[in-house]
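Paired with subunit B in one complex and with subunit C in the other, subunit A is shared by the two complexes that follow.
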Partner chain A sequence: MCVFLPRFFEPSRSMIFRHIKRLSFTALYLGASFFTFAQTEGHDSGAMDSHATQEIHATHEEHAFHNSEAEEHGSFVAGDFIIHHIADANEIHFFGDINVPLPMIFYVEGKGFDVFMSSEFKSEGHGHNAHAIKMATGPNTGTTYTKDPDTGISAQGGEVFWDISITKSVFGMFFILIMLIVVLRSMAKSYSKKPGTAPTGLANALEPLVLFVKDDIAVPIIGKGKADKFLPFLLTTFFFIVASNLLGLIPFIGGFNITGTIGVTIVLAFFVFVISTVSGNKNYWGHLFSPPGVPNAVKLIVVPIEIFGVFLKPAVLMIRLTANISAGHIIILSFVSLIFIFNQNFGAGGGIGIGVFSTLFMIFMNLLELLVAFLQAYVFTLLAAIYFADATQEAHH
Partner chain B sequence: MELLSIIFEITTGHGLAALGAGAAAIGAGIGVGTIGKAALESMARQPEAADDLRANMILAAALVEGVALFGIIICLLVALG
Partner chain C sequence: MGTLLTPAFGTVFWATLAFLATLFILKKFAWGPILEALKAREESIGNALLSAEKAREEMANLNSDNERLLQEARASRDEMLKESREMADKVVSDAKARAKTEASREVEIARVAIATERKAAIAELKAEVAKLSINIAEKLLRDELADSDKQKALVDKLISESTLN
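And now, the complex of A and B:
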């Protein structure tokens, strides 16, 4: 986390600059989380199309099962179940009907803010139904909001509004942010309190990770002198990604899928893009627009590809992280779905029988995901470091 | 003919997306397998370079995997939309 790094690695920087840097990173993450979720809200609800999602877990049996029974009330649709669990939501869902509502924040243009809890959304029909259209009235502006599981949230009167609600993923990000600040600040303090002695406690536990990012990623790739400039960002990103990945692996606390949400990773990738662009030196831009030693005719082909690559690199970073983490969640949820599918098609015996194997595979996948959680954070940080190294390369011709 | 009709039946639905996901998995399997093979051979020849090789192996595998995931994302988009 950047909050402790300036003291840790850059003792020469002035105090004020340190504070500005620290605050600006925190503000960026906070701002990013708001911006992101206003944007992902629409994206996710678009993916909630109940007919189209059925094919995610496409096996023959399931295919037949969908065609015959999917429309019946109460039957289990694996695709819907999986998408519902990996998508962002306005409440933290534990199990059954047990939910923790989260605040909804809407800004209606020209009218002002509406703040209310997501439990205000009530369906007109009866009982619990995931597909029911729910409605709520804003306490401040009087706007009636309609929450359709297929199309997302809209205002009934056609008002234009901005959705900056604290969704499940935003809540998870706040949690991680506070946790990282508390843990890493206390870790940094323990270093300044007892300089020169071996670390104890939390600092002892986390020091290998910090040193791993510093000695195995930043310094060998970016170079000794220049790495210090990028270390705060690399460490922040690394710890943020690791913490969000691990939070998503804890069962029964709502299944956070923070880094599996494209809105989060797009912001992380955007930071990488901005930092590598801003810190690009004349060699970087020279290689980009006029690669040395390349004939002019070839430059016509190479330069557009290089410029395309500048935007492609962060985009690939974004998709790799999202797809990897979401894929892990989808696989685990598919094993859960198998139990229900067998239970429905072959009775309770089939459900219990497959349940034993499903559970074993789920445990195996969870352990594999533990590895992936660290691996993906490592890969993201490593690639970010490589892009920074590209941007600050020295001439070597 | 039987097989062809089954394949046709699959491909007319969203099944084509599932086939695409399978193809992406084949591609990623070949790619990551080749990387693993090369890295293992190099580590066996030069055990002292194992740490360097491992880091580069993971990096290369992640790049290959990224391409495969592109394919899978597109399949997912087809299946969902």
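And now, the complex of A and C:
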């Protein structure tokens, strides 16, 4: 990143220092979360084996065997439990056996679309088993789809197909975006109803956030005239990330992890990449391919790094957001897992004892996540704004 | 972990569509009006502040004008006072000078008159004395000078005795 630092520093020194402070806090927090996760993973080794080694080394059969064996013994696999809650799914799992099925949409090449609910997936063998292989037949094309909890969905007979199912994250994203449209539309209406007056109600509650993105992120970084062009994107991104992060913190509604789903964040990062590339001016491309004041020999090193950076910057945006939000969920789930692990290994007393400790920590983590929800939205929007500012900066030598 | 780190095609597909659609809808129906309203309000507040500033400036100008007028008035008053004082002084000194010359002239006239009067008085006195002397002399002479010799001797004596100035 140090290659980008000089340009990164340009907008306003004190402000950037403030950002750096916040960023370093995030880094610290991220480090702490990984540390905690590693600790927890260490705890559940032994009877359950290490999850990570399992993932890498175990063949499919061994894995299935291990899982079914684990379940026969009724033992608790923290890694699977956590991944199950973090990963995207084809249904919304509330608790116990209560699931809301979501639509599966497949496009089989040369045959057409298959649309059916995820509840069509039935395991062939014995009853309910979260780890069993399930199958369903497409109503239109007659293709048999096999859903393996470890390898995903495949079509029998080697059919080439595209899976555009409405997964939990997609559903959550739709929900958030529709909510945003409804809420922000009514906010806009309240402005046109009483022009020129102080905002009330909803508009009053949301206006500080809009002004924050506008006056504290976009305008000081991109510049007064140029910021207007990028504001709709920055505002939409900010509000989408905040709302998604907050939705993920509400328990018992299926544990949405929208911004922790890489498929969602890659799209956001891709838009940042496209916008900064499309709006890049002569100065931007000049700095990229022929940095002024750099000797030709050094250019040979710098230019590839700069070009790599163009792709790296949005990639980092994507990873940062996904990792932060997932990490928060992982920590909370790890504390939940601790209760089951202690209950299993030390009896009910151990479970209750650690439950008190875990609950206190989960409350703390939830509060921290509340902060991170806003912080990550801020960081994403801020960095996107910095990249846009980079692309549209005028020469100043 | 693979499912966590590999973007699923369906998710990317829907996320792109949904995000783009939302972006355009929000841009047209939410951000546009909201940002416009905020801008309008900002501008109206800015204008209000600006006009307040202008009014304040005008007020200050007015005040300084007043101050200047007052200063001028005060200066002209001082000037007038000074002039009138000078004029009064001049009048007084003129009058004094005139009075002085007048007085000295009067004194001169008086002196001349006095001198004239005195001379006249002396002359009159002389005449009176002479008349008186003649009368006395006549009486004496009538009494004493029955004879003309004696008369003559007396006259001579008297004349020689009376020195006239």
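Of note:
Here is the rule we use: the second predicted complex is superposed on the first by the 324 of 397 C-alpha atoms of A that agree within 3 Å, B and C clash if a C-alpha of one lies under 4 Å from a C-alpha of the other, contacts with A are read in each partner's own complex, and residues count from 1 in each chain.
Keep this in mind: a contact is a pair of C-beta atoms (placed from the backbone, for glycine too) under 8 Å apart; a residue touches a chain by one contact, two chains touch by 3 or more.
Values in this document were obtained by computation on a predicted structure and should not be read as measured data.
Contact with neither subunit B nor subunit C is seen for A:306 once the two complexes are overlaid on the shared chain. Considering which of subunit B and subunit C touches more of subunit A, the answer is C.
Of the two partner chains placed by superposition, only subunit B is touched by A:324; subunit C is not. When both complexes are overlaid on chain A, the residue A:216 reaches subunit B alone and has no touch with subunit C. Once chain A of one complex is fitted onto chain A of the other, the partner contacts of A:166 are limited to subunit C, with no touch recorded for subunit B.
In the superposed model, A:148 lies in contact with neither subunit B nor subunit C. In the superposition on chain A, subunit A positions 52, 55, 83 are in contact with subunit B in one complex as well as with subunit C in the other. Across the interface of their complex, subunit A is touched by residues 1-16, 18-19, 21-23, 25-27, 29-35, 37-38, 40-41, 44 of subunit C.
Within the complex formed with subunit A, the residues of subunit B that make contact are 13-15, 17-18, 55, 58-59, 62, 65-66, 69-70, 72-73, 76, 79-81.
Contact residues of subunit A toward subunit C in the complex are 52, 55, 83, 86-88, 105, 152, 162-167, 169-170, 173-174, 177, 180-181, 184-185, 187-189, 191-192, 195-196, 207, 210-211, 214, 228, 231-233, 235-236, 240, 261-264, 266-268, 270-271, 326. Of all residues in subunit A, only 47, 49, 52-53, 55-56, 58, 63, 83, 216, 316, 319-320, 323-324, 327, 375, 378-379, 382-383 touch subunit B in the complex they form.
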